[in-house]
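Chain naming follows the written order as A, B and C, and within any one chain the residues start at number 1.
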């Protein structure tokens, strides 16, 4: 276990693991998304209340999950950066941030689209939408902070500190927004009933798209990390060999 | 007392130093030499614990410095490029807070200032002083805190000729009374004790810049 | 002349607070500017929005809280800037004393100078904004509990950005999202008081947030300062 973690901390090993796993990941992801989308859009029955409008959950729910998951992964990486000074953890944290932003934007966009038929307006100060907007701001803060530093090591540690501060704050922010929302809106979450209240035909495809999104996440993570690894390790022999091989092949 | 083994530091894709070993015992002094940008300041800051971008071992009294951090800080006096003098405060106010932050009694501030020819300047705000006088206020701190190791980055900057020789005398006295001294300077030292050297330029030429 | 102080933790904290207050006396702008910003910004809202009593009363808690929050944020620049530039921050980080308490004393002094005047003046501005009298006490208490949290969180952002040039807007992007809970509960307390509802629970919640901020943020501040002097 420790040996495995230690290996994972080596950029070269991570790069090669990524090379090996990418084809499998692509295959699984395409399969999961195809099944989920076709099943969800064509075969799942319409909802008795919302008709076909609910079908956006096949995108909305996974992106919401990803939005949170990305942040928690960044927090774990940040702890690794600060405590064990693992450089690979910073590469991964840096790679995840824009994926988290994309997930958050997808969640907001799909939520807004869903709002048009259910609420009659594309934006409503709903607790979840508001929290997600704030989450988006926090992601952007981390990305902007990283770009403000010249030194890579300082940037890594500064972003790690900010991520950890963010992860402590997020439950507090969500709780406060939830409270504020009930104060100002009363019962607001129209149409966003508990997912488990739906029949299984509706939510099983969501599993497929959900795992498909996780696959997409890992593909993005690996590609972006590999890029960053090549950039940071460009002076090492193994990267030079790799570049020589690639250019010879082309 | 202070030991470094196999220190390595790079900045902006350039290796500043590698395989750097040295040890500094009580009553010894070392001058770090090197051209501009060779990493003298970086090395001193790494040894102080202000810069953590390095690999290798630093030991204080035989223990890894991370473990002995509290004792290390209590025993080290560091003087950086910036004088660490707040210009709105007077000399005495600056020194008083410095003593408090080190947890020592602010006893002989007037005497410490006098030792650097600043009699009567205790209540003068530092913005009214010249650069050399500010540097003297900064140096006066070494008289106020007990320290076994002095790490001084260009201590002679802005001092006049008399100030330089007086400071050299003080540094020699410190080393002779079993103190350890680590300093950088571009000025040719005239001290009454042996001064070892670490030459960062030579180190790089000898070992090559890249070692992959 | 010589101060024969014992070298206890309390004396270190006392000396730090004394130094910060002395510095504020020497450059009174650090105290006056946040306060003036607060007063002027609050004045802009009736000028831009209208002066009907009912309208002003509805926006009053939010306006006062938001402008107080911005004033606190803008005041943070004086927290570490001078120490960073003149090298005192390095000396602070090399102090053998527990940095947690040194940092906390600096934050506390900053709160005294930047926030206390705002809290004292807030009732006057609240009356100008026609806030019902029932909300005034709650406003002051909520500000008294909330502004220290704002300074503590803001100090983390300031410590992260003090080494960067042009950090003003960056600081806002980093810390304003984290200010949301304080804003929500702070205005919530005032709203509850106006509507004659119990708000002790909300105050307890803000107190808990303050306790959390006091115990955790100094750690983050120290870590951030180390990064900035690196």
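Just so we're on the same page, a residue touches a chain if its C-beta (ideal position, glycine included) is under 8 Å from a C-beta of that chain, and two chains touch if they have at least 3 such contacts.
Since this is a predicted model, take the numbers as computed values, not measurements.
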Chain nearest the global centroid, as defined over all protein CA atoms shown: C
Greatest separation from subunit B - chain, by CA centre: A
Whole-Å separation of chain centres (CA-atom averages), subunit B against subunit C: 36
Chain centre separation in whole Å, for subunit B relative to subunit A (CA means): 47
Whole-Å gap between the CA centroids of subunit A and subunit C: 33
Numbers and ranges of subunit B residues touching at least 2 other chains: 53
Multi-chain contact residues (two or more partners), subunit C: 230
Junction residues of subunit A, two or more chains touched: 151, 153
Subunit C-touching residues of subunit A, taken from the complex the two chains share: 82, 134, 137-138, 140-141, 144-145, 148-149, 151, 153-154, 157-158, 161-162, 164-166, 168-169, 172-173, 175-177, 179-180, 183
Residues on subunit B engaged by subunit C in the complex (per definition of touch): 48-53, 70-71, 73-74, 76, 78, 80-89, 92-93, 96-98, 100-110, 122, 125
Complex interface listing, subunit C residues touching subunit B: 1-7, 11-12, 14-16, 18-19, 22-23, 26-27, 82-83, 85-88, 90-97, 102, 226, 229-230
Touch list for subunit C against partner subunit A, complex: 153, 156-157, 160-161, 163-164, 167, 170, 173-178, 180-181, 184-185, 188, 191, 209, 212, 216-217, 220, 223-224, 227-228, 230
